[in-house]
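Next come two complexes built around subunit A: one with subunit B, the other with subunit C.
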Partner chain A sequence: MRARPAAAGLAFCAVGCLCWNLTTGAVPVRLADMLAGGGDAAFVVRELRLPRALVALVSGAALALSGALIQTAVRNPLGDPGLTGVSAGAAAGVTLSLSLAPVAAPTPVLPGILGGFLAGALTLAIARRTGLSAISLILAGLAVSIFFLAVTSVVTILNRDLTQTLFFWQIGGFINRTWGDFHHLWPWCLGGGLLALAIAPVLDALTLDDTTARAVGLNAHAWRAFVGALAVILAAAPTAIAGPIAFVGFLSPHLTRRMIDAAARRHVVLLPMSALLGATLTLLADTVSRALPLDRSPPAGVLIAILGGLAFLLLTRRSGAVRL
Partner chain B sequence: MLRSFLVVLALTAPAAAQDFPVTVTDDRGQSVTVAERPRNVAALSMAAADMLAALGRPILGVTSFQGAGPVYLGEASDGVLDLGEFDSPNLEILALSDADLILGMTRYHAPYADEFEDIAPFIALDLFTLEDASRNIEQMGAALGAPQDATALNIAFEQRASQLREAAPGGVTVVFLWAFGEMLFAYHDNLLPAEFLPILGATNPLGFQEGADPADAFKMMETEEILAIDPDVLIVYASHGGELQANPAFARLSAVQNGRVYEVGQQYAQATGPIARRMVLEELAHLLYPDTFAPPADLPAASRAKQIEIVP
Partner chain C sequence: MTRSTALALLLPCAALCAALLSMRFGAVSLPVSSVFEMVFGGSSAEATLVQRYRLPRTLIALLAGSNLAVSGLLLQTALRNSLADPTIFGISGGAALALVATMTISVAVANPDARAIVPTEYLPGTLIAPIALLGALAATAGVLALAWEGGLDPRRTALTGVIFGAVLSAATMGCILTLPEAQTQFAILWLAGSLYARDMAHVWTILPWAIAGLAASALVMRPLGLLRFDATTAASLGLPVQATRVTAVVLASTLAASAVSVAGPVGFVGLLVPHAVRAAGITEPMAQLWGCIWVGGILVVLADVLGRTLAVPLEVPVGICTSLLGAPLLAALLLRKEAAR
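Let's look at the complex of A and B:
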């Protein structure tokens, strides 16, 4: 498919999911009430549903961008914040900060970013020893994730009065997120996203091997490190606000590449389309979670993990990206 | 004050002599034989410690709930052995504690019955509903050799509940809310303390959940649902860490605007012990109808409900 119709289709889906999300919930809201702008219905949409939907949208977009950047930085199709330990590191950082300052830490994103950096660097250091192959990256990411999950578990167990709070945050989701959460989130994601777009030509060059990249005047090592750092920020910020959301970073760039012709797979096209797809996935998961007629619906993080896990298996099996 | 109440109770209802061994059928349906009058009783729930305190018996050890012991029992719980968190008691401490009876909960402790029974006779009780409370108090009373005292505690509670029922003005809606970060849960009517509301002429808009296990009768709440319900009184558990302040929906609630949001003590989370049962009912009566009922005088200050101010 050509890029423009695919992008238009994705944008249509994202807007459709946003509208569905804003009109789904416990309180029946009519379009006329929303547009009228006053009363409880307008308040529910403006102050409760809209910030939550925007947190879901921005988180999905940022995670998708992060996945695309990691895949480019390590030239590996299995690059994903979850699979490379970044999400687990961010989760450990946030869990530690929550245990130290349980009442709404002033900057919940920063500890997440620090944890994400540490985990990402560890994964890269381990995987680099075996040439950053798909298998070495995923094994190193697994080991680092297990380590940081253990750190998270220890912190959770040591803070019994916060165990449930930390448990529900670690499931991942957007329930009851507020404008405050959105304001913590958007600057990191917008800044990271714009930077990623600005260096799109460099990212195209990084998909080549380092020798070729050097031939066109790039310091490939330095750029890969910068792109990796950008990916960590884009993954850690939504993790800090919404908890760990798996597979969006892996699936979105993958599915986007499948949608468009090989000739159109330049980062200036791939990044915004991946972001749109990521936003659509998280919005859709959040809306389905709310629409389920259950007393305790699974949060969006759980739904994405189930569907994303199945899609991951399907994609890796078909593409042969992993052969054990 | 609580100690005075216990002394009065002990004097007015002396423990009837009961021959041992006694056999009690617990909530697993298991017959448990207690060979001798127990003197070192380990309480794996606050309700069991509460029962011991109500009978004026020493508490060997008690588990904690979210890191805290049964503060509402006052001096009765001072200096007792910390047996760990209620859902994962420390078996090593228990094994070295010289316990001669272990009172646990079916849901959390029955799966480890073999380990407990290696230490001492183990009785598993449901301890979730008002009906459980009455039955479990009788079972514990029998195991402790004080069946008549247990019956007296139930009768006294029934009488107190009747007094409150007759005097309660009624017409108030109440939601019991747990806040774990942004995740909010509210009680259905299937378990304590929501079961107290009909006694007090109040209603829980979430109602009774048919077919639900009482232990799971919670609903995950979105803030817009709470806004739609708009209860007159909001009872919040000590779990919340200020999240209610961050959510603009709360400032619009009638309960918030009328200053009727209360953070309550941990006795509300395990309200099936004889002391907690009475204290919670009496304090709820006061919170719902402050002009009609006084708060329970023997409730320690640290366990009393506190009004929460939510500033938009």
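Let's look at the complex of A and C:
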């Protein structure tokens, strides 16, 4: 498909999902009432559903961008903040800072970024010595994830007051997220997203091998490190607010690439479309888990992990779209 | 006396020491000298404590550890994959999902008043292990079928297992979150791999499976040892290669399932122990099996002691302690394999 109609279609889907998300829930709200404003319906939407939907939307977009950046930075088709241990590291950072200084932390995002850097660097250090092959990166990410998740669990258990809260946050989801959460989240995501878009031509060059990149005048190593750092920030912010969520960062860029012509697959097109798709996916997951006929609806992270994991398995099969 | 005979005799003694340590430590510390007598008699409060709580807990740790370790050894030998482990291959995840799903259904249907601290108690005792076995076998078949491409590439199989396991554990979490809130907490604890509040009934759940499974492993291990050579050589030595492999994998799933059904999905014991045994220079298959049985038990017992004493009266589930050990080993294995290439 050409890039422009595909992008228009995605934007339409995203807006549709947002409307569906805002009108679904324990109190059904009619679209017309919502748009008209005023009354209880408007209050529910403005104070409860809109912040939650916006957190989901921005998180999905940031995770998709993060995945796309990782895939480019390490030239690995399986790049994803969840699968490379970055999310687990960020979760450990957030949990530790909440336990050590529950009041002092002005934002949970900063310790998340620190933890994400540490975990990402570890994964890279292990995977680099194994030649950065697609599968090695994920297995190294797994080892790092397990370690940081175990650390997170220990801290969570020892910190009795927060155990319940932290456990639910660690599943990943957008239930009960507030305007405050959204305000912690958006500056990082907007800043990171714009920066990524600004260096789109460099990203195109980085998809080539280092020799070619150098031939067009790039310090490939330094740029890859910078892109990786940007990916960590874009992953840590949503992790700090919505918990660790995997597979969105892997799936969104891949599905986007499949959607558009080879000629149009430049980062200036890929990045915004991946972000739109990521936002649509998380919004959809949040809406569907809320619409399930259950007494207690599960957080969106559960649905994302189930469907995302299955999609990962399908795409990476021998006959699948992603070559390993 | 050769080195391996010495090890063979030393290991049961070490397991006994670990078991005594496990029964000594806890919220109430007891002198080691009296623990031994308390196991076999006495009616003091402390003797009751040892007999009713610490003894079954220690026995389950020993049995679950042996089962998981031998499961890992069988998988690693049969598939010639040094990354093979019931956790990594999603086998434990399958057993856990089957148990949690049936448990969720039974809670929803029966709506019991009593709150079980160990969530599997919502199920009839005799059904626990068979349900876990069904789940484990289905997961094993699923992972191997998905990873198959005219053969099983070790890393691709591990990757497939990991992602499949993630899907299964998300589904398990989804089931748990539909439970009433009071039950969610205990179920999450169980899911981390825990030995909290186990009693003798749980020992009887795993014991027959452990005995039968370990005995069958002893029968399979000798022919399986031929698979150290490549499949063609093994076949020319008269080994029915595929049948042996399938038997070993089914056996491995059974052992892992029985461990999960009493202790929850305790991770990475099956990865850690066989590598530790090999690192100790034990190469003969039967000696490896013997080593895994004891070292697996010792590892889980000690990990449980650590989890219990780290922050009394709180408890860190044993599965988290084994994960903390397993992660660095996995990283080391990835690095070593590459260096050899």
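Note that the second predicted complex is superposed on the first by the 308 of 324 C-alpha atoms of A that agree within 3 Å, B and C clash if a C-alpha of one lies under 4 Å from a C-alpha of the other, contacts with A are read in each partner's own complex, and residues count from 1 in each chain.
Note that in this section contacts are C-beta pairs under 8 Å (C-beta built on N, C-alpha and C of every residue); 3 or more make two chains touch, one makes a residue touch a chain.
Since the structure is predicted, the reported quantities are computational estimates derived from the model, not experimental observations.
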item: Clash or fit (per the criteria above) of subunit B with subunit C on subunit A; value: clash
item: First, second, both or neither for A:167, with subunit B first and subunit C second; value: both
item: Partner chain(s) touched by A:310 [first = subunit B, second = subunit C, both, neither]; value: second
item: First, second, both or neither for A:180, with subunit B first and subunit C second; value: first
item: Which superposed partner A:40 touches (first subunit B, second subunit C, both, neither); value: first
item: Partner chain(s) touched by A:24 [first = subunit B, second = subunit C, both, neither]; value: neither
item: Partner chain in contact with A:99 - subunit B first, subunit C second, else both or neither; value: neither
item: Touched partner set for A:136, first subunit B, second subunit C, both or neither; value: second
item: Subunit B versus subunit C as contact partner of A:295, first or second or both or neither; value: both
item: Residues of subunit A touched, compared between subunit B and subunit C (which is higher); value: C
item: Subunit B versus subunit C as contact partner of A:154, first or second or both or neither; value: second
item: Residues on subunit A lying within both footprints (that of subunit B and that of subunit C); value: 160, 164, 167, 295-296
item: Residues on subunit A engaged by subunit C in the complex (per definition of touch); value: 126-127, 129-131, 135-136, 138-140, 142-144, 146-147, 149-151, 153-154, 157-158, 160, 164, 167, 171, 246, 294-296, 298-299, 301-303, 305-306, 309-310, 312-313, 316-318, 324
item: Interfacial residue positions of subunit C with respect to subunit A in the complex; value: 83, 146, 149, 155-156, 158-160, 162-164, 166-167, 169-171, 173-174, 177-178, 181, 185, 188, 192, 267-268, 310-311, 314-317, 320, 323-324, 326-328, 330-331, 334-335, 337-339
item: Touch list for subunit A against partner subunit B, complex; value: 25-27, 40, 43-44, 47-49, 102-104, 160-169, 175-180, 290, 295-297
item: Complex contacts: residues of subunit B adjacent to subunit A; value: 64, 66-68, 85, 178, 180-184, 209, 212, 218-220, 222-225, 227-228, 239, 241-243, 246-249, 252
